[in-house]
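Common to both upcoming complexes is chain A, partnered first by chain B, then by chain C.
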Partner chain A sequence: MSSPQAWWAKIQTAGPLRVPTGDAIPGLATAYDDDGAFVWLLPDYPEGAGHATLAEIGSAPVPLEHPIETRRVMAVVLCLCWHDQMTGPWPGRPVERTTLVTAFRVLRGHGDTESARSIVSGALNQLQRAGWVLLEPQTVRLGPRVALWTATDLVELREICRDLADIRAQALGEAAL
Partner chain B sequence: MTAPTDPEQPSLLDADAAAGAVERVYQQMFAVLAKELGGMVDVGDLDVDQAILDAFAAGDPAGVTLEQITSACRGIEPAKVHRRWTVLRGYQAIAPVIDRPNELRHRAAFAPYVMLLFLRRTATQRGQAEIHHLLTAGHRTLQDPSTTEQDAAVLIGQFATLFRLLANELVIMVANRTASELREQAQTSWGNMDLIGQAERVHIEALDRWLSLARECAQLRMALSSYRDAVHAAASRLVDQAGTTRVLGTLPPEAWLEFTRARPAAELAAALQGQYFDAPDPDMSPAQLRSAAESGRRTGRIRVTPPRTTQANEEEPPDEASAADDRDALAATAERALGGRERVEIADVIARAGDWISARRILADLTAAGLHDDLDYELKWRDTLNVDAAGAVPWVTDGEFRRRPR
Partner chain C sequence: MTHLESHLAQLGDRQRAEVLAAFGAVRLSADPIIEASLPGLRDITLRRVVDRLLAQTGRTLVKVDAGRWTAGYTDEVVDELEAEGWQPLPEIDRALLVAVLVHSVAVPRSQGRLVGDTWMSLHPTSLAELNRMLIGPGERKAALRRLRAAGLVKIAAKGAGYLPGPQLQRLTPRARRRLEEELVMAAAPDSPLAAVIRDRRAPVSQQGDPNS
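Up next is the complex of A and B:
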């Protein structure tokens, strides 16, 4: 299990993998964690491959459950955790789960708290499996996979954060009270 | 003494397909012969059988032992010879010369060899050629002066059944099978139209000679025409499937699907040797995130206008126009009721209207005017009630209609 090819195959099939920095394999997409003590090895695609290609040829990409709500939750997590927009979203700042639920409720026009909480936790579980977020008992933060977003992607993502700025302010303000 | 070799070796795929087709015909023929399901000879076994039977023919007329056979079939593995020997003996194709235990010398029956020859011929000419043979033989039988009307009726009936079966098989195949399967079967079940012509000649022959066979002949005619229809249906299905592009260089999608369906897992997996795939993780593209976030905000706040048909777009305006007209009409009614005053009692309005039929129409208009956003009128009801048993409207709730202060 030492050759770069074997590592590559492993993360392509198993998803992002966290290893001590000393074990990092050159040539793989990585994201440093915990001030550089650990590194995430990330499954990367060659240029022109990936989900966008699948969508182009009309082959359904991997389905999400409740895709729209899950993406909304992801957008909310992004706008709450990405504090320094001059850099990339990784590693970002952790955010309280309750704050996240509040922000989601604000986005959805102050719906029922209970249903918002269940939607958010369902979405977070899905996102965690794919490495889009990392869950800790009380907090949530962006997952290592966000490091794979390209510079072009980030332009649009900043746009999302601008759109949701009021929600961010409101949620963080309510949480502070 | 050895197995006959093919004069020319066709390419591997062709050979495979041909062997498959031959085997299908064998299986179908053996369905009649086999005692129970399962246990089917393959083409290689036939060669061994032939070698064994050849050895019997060349050997001692008084009987041949297994050892002699094995040595005569030198080109073939003894184990294979033994296996076929057991099978042939099991079916009584080979039997001991004298029926007693430990009898070594055996004799062979001629029937298996006839069957073998028949199979060989089928292998080279396919099942359909047999129908040609049958039809030719049938033609001769009908011409033979010694043939009776009874024989002819049986013969015609057999042909009718034959073509019915052919046609039914084909019809079902056209309806249910993929085009590639249809193409594969083309030669064995619907390859040529000559059969129909030949059968029609047989039919005319019979009808000319025995007019009384008209009923049987009609059956045959119907079977023939249903077969012809089935052939046409099959052909048009294939033409449809080829499509307008007629891209003959690439395999049709069905061929790929067929491959994935028919191949064992190991073979399919071999194609992916050395390939790795990302875990089935859903994607989060920024565009999707953005549209989801934006639509999330919209939901429940802005009412989206329902989609309208593109036709009759020109006639849409009446909706707004009628609303505008409505407003003017309401204002006119209200002004008429008020008659220039600031306020008017409902009881007076109703009394002026005379009867309830017209009063209720005015009342409805005044209510609408009072509720209209753009009109400055209001309708106020009080808690008291006027009762007048003799009046046109026996009881009226007190209330007033007035201009709304701006």
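Up next is the complex of A and C:
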């Protein structure tokens, strides 16, 4: 059995890990998966230990590739998968990849579908490695890291989803046709 | 309250904020943090608390050079993960990373063009060098993208190839030494230096045994 420190190292190097619920590790945050039999192990940092300081001292994390498009894709995934915004976003509902590409195209003001599909695919791979989304062959859902968003974070994120409400409706409507 | 909060209980509000700022910075910043830029690193007492927090998460403060700090995994945690066979990087990614380390660091160091035990370098590994490896172009491209995203390699200026990424600065002194030994044994397994390394690593009962 690994030490708690080794579990920390594992989730920091490989992203959130899914283990049977009975194997939860003291000191790590958890997000129960929707069947309740499994739990995602997540890093649990105190408030104030985040990215805010980096900007103040002119430092930066390892850069995202295509950061603007990747953040847009995350915003679209959030707003499509977070079906009940009276509660938290985890675990949310899966969304078809085609619906996601449609929503992303609308957000960018339409444009080439193949290019949108390629950007979405690259962004999803980056987001999956960090635990922000979970990918299935045909569908995408929110990753367990969203379970750690605070009430303050959710206020801002609900605002983003309100701004994207039309795009959400349009994408889900188009997909339903 | 998170598990880590209990290690901050003795601190006042200001010291707590300074410790958490330094803890977050050394953990998240791609490059090392200048000690003078944060009270949590500048003040030796607060720096010890930062190190204690990092220890709870399997890491330790690593001094990169005079006055710059980052965080890396402790040697104990590395030993534990190694014993378990933990390996988050796919084999192709590791092969490409090793190629970059050999061409950008090990070769220049052996030629005296790079001094010290750093794994950072200004000598790019050319794309032609990486293209020579028996890895398909699609797999190679995907692996290099993953390595870039992880900060393990970076693109050299003017597209001249790849360099070791900023995460290599997180290696502890022992990890830096072990990496160098691994490359010696991989690149020149029959060399006298490789024999010395093997002998040093062998169990005491086998040391000096010519048949081992």
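What we mean here is this: the second predicted complex is superposed on the first by the 170 of 177 C-alpha atoms of A that agree within 3 Å, B and C clash if a C-alpha of one lies under 4 Å from a C-alpha of the other, contacts with A are read in each partner's own complex, and residues count from 1 in each chain.
By our rule, a residue touches a chain if its C-beta (ideal position, glycine included) is under 8 Å from a C-beta of that chain, and two chains touch if they have at least 3 such contacts.
Because the structure is a prediction, the values reported are computed rather than measured.
Partners chain B and chain C, brought together by superposition on chain A, clash. Of the two partner chains placed around the shared chain by superposition, chain C is the only one that A:Ala29 touches, whereas chain B remains out of contact. Contact with neither chain B nor chain C is seen for A:Met86 once the two complexes are overlaid on the shared chain. When the two structures are aligned on the shared chain, A:Pro63 is found in touch with chain B and with chain C. Touch criterion met: A:Gln12 reaches chain B and chain C at once. By the touch criterion defined above, A:Ala151 reaches neither chain B nor chain C.
When the two complexes are overlaid on their common chain A, residue A:Gly131 makes contact with chain B while staying clear of chain C. Of the two partner chains, chain B is the only one touched by A:Glu159; chain C is not. Once the two complexes are laid over each other on the shared chain, residue contacts for A:Ser3 go to chain C alone; chain B is not touched.
Across the superposed pair, chain B and chain C both touch chain A at residues 8-9, 12-14, 43, 45, 50-52, 61-64, 126, 129. Per the touch definition, chain B reaches chain A in the complex via residues 276-290, 292-297, 299-301. In the complex of the two chains, the chain A residues touching chain B come out as 8-9, 12-15, 43, 45, 50-52, 61-64, 67-72, 74-76, 78, 107-109, 126-127, 129-132, 145, 149, 153-154, 156-157, 159-160, 163-164.
The residues of chain A lying in touch with chain C in their complex are 2-6, 8-10, 12-14, 26-29, 43-54, 57, 59-65, 126, 129.
Those residues of chain C whose C-beta lies close enough to touch chain A in the complex are 2-5, 8, 16-17, 20-25, 27-31, 33-34, 37-38, 55-59, 73-74, 76-77, 80-81, 84, 86, 88, 145-146, 148-151, 165-167.
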